[in-house]
Structure formats: structure tokens, C-alpha cells
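Letters are used for the chains, namely A, B, C and D, taken in the order the chains are written, and counting of residues starts over at 1 for each.
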């Protein structure tokens, strides 16, 4: 069962990574990058590393997204369509 | 008996996370993706509790608490960004 | 080679591909953070031992028999500090990107050609 | 087109170069000798139930010191690059106020998140978590306040005081370990106490609390300078 969970989450992570790179709008890329670290923390827990899982849960899904968004809100006049 | 219960719940959670992931990758709108991210957070919490039950360690539940208490901040930040308040 | 190490390796390659092909600076930084996650997965997967549990001693682990029951604590400790540094470095790179944008009003890496030869 | 081809070539080269490294990772069946020593001697020697904590704080304490230094340098870099220009011609556009629901929820949740962060770094030697995680949780609480009250200002004197004092005391406790116990950042300067209780494991709770305060204040510094820089 553990292997099935790891395979499904891994496929989702790799698909999110491709979408994070090829998505047209920057905001969607940032959300896809958030999905990657969200799923990574479950894999850390399956690998018996709860400390790392807690770290990734706190940093990856919260603070990294917010830091990216602060930077994006300072450059948002660059002609990007943020609602795509 | 307990094995069947564990496996069934894991399969249900995996199907749910795949569906939410599909919406977060495809969703035509940013709002769709944000809601999908929020749904994936909730399903992840249940998966973490599942892993804790599978490994029979009560201390893993701390990770689920951190998740539940912290991870909505990203969604709030995206919402504030969309309404030009960040 | 284990399953998780394959996932980590693929993430590293995908992130590198993104860093090399994309021209938007923020996309490059996103590629960097994908590489970060891949490396962390790779390092944690080295310390995992099948069928063993987390290196935290409580009621469910006998203290004298802990050697046969827990996984390697050292990769966890390394990755723990690496994640915080990753966040700080990402923030620093984003600040550089914002400064570059204020200089030229553009985020395209091809517009910055002072050092091109 | 040529550029794409070159990138693909570089990537294939990279894969070939790293492939032996990854394929050498075999599923292990037992601990390597160093980890075995840490696991076998750690609980009796240092009294910490969480072995990751004992590796981070004491066995590899110098690594953690270097990590905190890198974090400090990165924060200083962010603050330097985003320093507020007094003579800025752009007047900062008015930010939209947050809604009533968010403000009420923030007022309810921020003390709870603070409390949970303090719980995490005080119990770093018993449960998963510790200084780094607790610091991040505290930074998230401040971030929630910054999101719902965008005009609010973080008190910089208090922030800088926490930053400097926690760093200084961290070094001081490390040096005390050099004199009173076996080496730098040794935790046996305080009595070890009963295994598995809150007041145990010597100085590990004190050191980890200081690390938590340091990491939390540094991250708050990064977030605050990114939020208030007008550009």
C-alpha cells in the first residue's frame, strides 16, 4: 500500500512540476509549485521523517508561496495576464 | 479486517487527491486552482492521519496539527493578491 | 535505487530543464525551488530503512532495542536545516529579481545583455 | 533551435553523470556505523528522546551554527536590497483593506498559533519538531497579522533585540559547554533529569528555544521587509 501511495503522489508531483514550468501565467506556476511541496511532505512522513515533514508543511505550503506572491505583486505591471 | 479498512480508506483518499490534482492542473481559472489547492490540503491532512495509524505512532499527529493550523495562510495570501491587497 | 530516489531524480532533471529553457526570471526561480525539493527527497530516501520507524523514542519503542527499530537520523537533520536555508535563499533571489525589474522594467532574461559576449 | 539542442545535450550529459550516483542508492537493511553509535549512545548520553534533535543540537551543533549564520546573511541581504527609499517619487498606492471575516479570524487565531509554536520548540526533545519548525510557525502567525492588517508596522527595536539577544545567548551557551562539559554546544551543563519528561535532556530545550526565537525573528524580518518596501 505504501508503494501505491508513493507512486500516485510521485506522478502527481512530476506532473505539477511540468505544469509549474510550462503554465502561461505566473500565479498558476506558483500554485503548482505549492502543490509539489504539499505532496512532498506526505512522502517525508512515509519515509519515517516526521521532523522534515513538519518543516515542509510549514514552509513549503505557507511561507514560500507568500514570498513568491510578494515578489509578484511588485512586478505585476509587466504586462502579464494574472487571471489566465 | 482492519487491513481492509485501512486499504479502502487509503484508496478513497488517493482517488480524491488525484481528482483535486487534476482540477488544480487543468482548471481554466486561477480561482479553480486555489480551491483545488485548499481541497488537496484537507485530503493531505487525512492522509497524514492515515499514515500515523498505519505506522502506529501517535507522535505523527503533530504534523497533521501543524498542517491544519498553518496551511490555510497560503490560500489567504493568494486571495489577498487577487483582490490587490497584498 | 528506490522509488523515492527516482522521483527526486526526475524532479531535479525537470527543474534543471525549466531553469535552462525558460526566459522569465521568476520561472527560473521556481525551477530552482523544484530542484531544491528533489534534492531533499533524494537525501531523505538514503536514510530510509524498510519497515522501521521514526527515530523518536516513546512508549512504542524499547529504548534498549532502538537500534533495530529506527531509521537513520542524520539525513533528516541535514535536510531540516537545508529547507530553511532554501527559503532564505529563494527570498534573496526574488529580491534580486525585483531589483532587476526596477532597473529595466522587464523580467525577460534576454533583456539583460550587459555581460553577454 | 540550436540553443534548445545544446540545452538537451547538457541535460543528457547531466543525467549520464548523475545516474551512477542514484543507481547506487540501495534499499538499506541496517544502520551504518555512525548512525548506530548515535542511536545506541544518544538517549543515555544526552537524554533526548528525539534523536534528530540530539544530532542537530549537540552532535552536529557547529552545522546548526553555520546554518543560523547563513540565515542571518540572507536576511541582511534582503533588508539591504529592499531598504526604503525616502525620496521615492512613486507614492505607494493605497492597499485594499481586508474583510471583516479575515480580521476577526486573525484576532482569534494568532494567539493560538503563537502558543502552538512555543509548544513545538519547547517539546523539541520529546516530539517531532523543534526550534526550526517552531520558528517557522511563529513567523506564520506574524505573517497572518501582516496579511490582514497591511498598514500595521512591526516594531523593529523589539525585533532586532530578539534577534541579537537570542543569537548572543546561543553562542554563550555553546561556550559554556566548552568550559563546563565536554565540548562546544554540549548540553550537559544542566542536569539531565528523567528521560522523557519536559525538564530533561540538559540544555537542549534552552538551546532549541533560542534557535526558535532566532529563526522566527529572522523570517519575520524577511517577510516584513518584503511587505513594506514600496515599489
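Assume contacts are C-beta pairs under 8 Å (C-beta built on N, C-alpha and C of every residue); 3 or more make two chains touch, one makes a residue touch a chain.
Bear in mind that the values here come from a model prediction, so they are computed numbers and not experimental data.
Taking the CA centroid of chain A as reference, the farthest chain centroid is that of D. Of the two chain pairs examined here, A-B and B-C, the one linked by more C-beta pairs in contact is A-B. A separation of 12 Å divides the Cα centre of chain A from that of chain B. Remark: chain A and chain D have CA centroids separated by 20 Å (rounded to whole angstrom).
Between chain B and chain D the centroid-to-centroid distance comes to 24 Å (mean Cα coordinates, whole Å). Across the assembly, chain C contributes 6, 17, 21, 45, 47-48, 53-56, 58, 70-71, 76, 80, 83-84, 87, 91, 94-95, 98 as residues in contact with two or more other chains.
Counting only residues that touch two or more partner chains, chain D has 50, 52, 120, 127-129, 132-133, 136-137, 140, 143, 147, 219, 222, 226, 231. Multi-chain contact residues, meaning those touching two or more other chains, occur in chain A at positions 48, 50-51, 53-55, 58-59, 62-63, 66-67, 70-72, 74.
Chain contacts in this assembly form a complete graph, since each chain touches every other chain.
Every residue of chain A that touches chain D in the complex is listed here, in rising order: 50-51, 53-55, 58-59, 62-63, 66-67, 70-71, 74. By the touch rule above, chain D contacts chain C in their complex via residues 4, 7, 10-11, 14-15, 18, 22-32, 34-36, 38-40, 43, 49-52, 55-56, 60, 63-64, 67, 70-71, 74-75, 77-78, 81-82, 126-128, 132, 136, 195-196, 215, 218-219, 222, 226, 231. Residues of chain A that touch chain C in their complex: 3, 6-7, 10, 13-14, 17-18, 20-21, 26, 29-30, 33, 36-37, 40, 43-44, 47-52, 55-56, 59-60, 63-64, 67-68, 70-72, 74-75, 78. Remark: chain C residues 53-54, 56, 58, 60 touch chain B in the complex.
By the touch rule above, chain D contacts chain B in their complex via residues 95-98, 102, 109, 112-113, 116, 120, 127-129, 133, 137, 140, 143-144, 147, 150.
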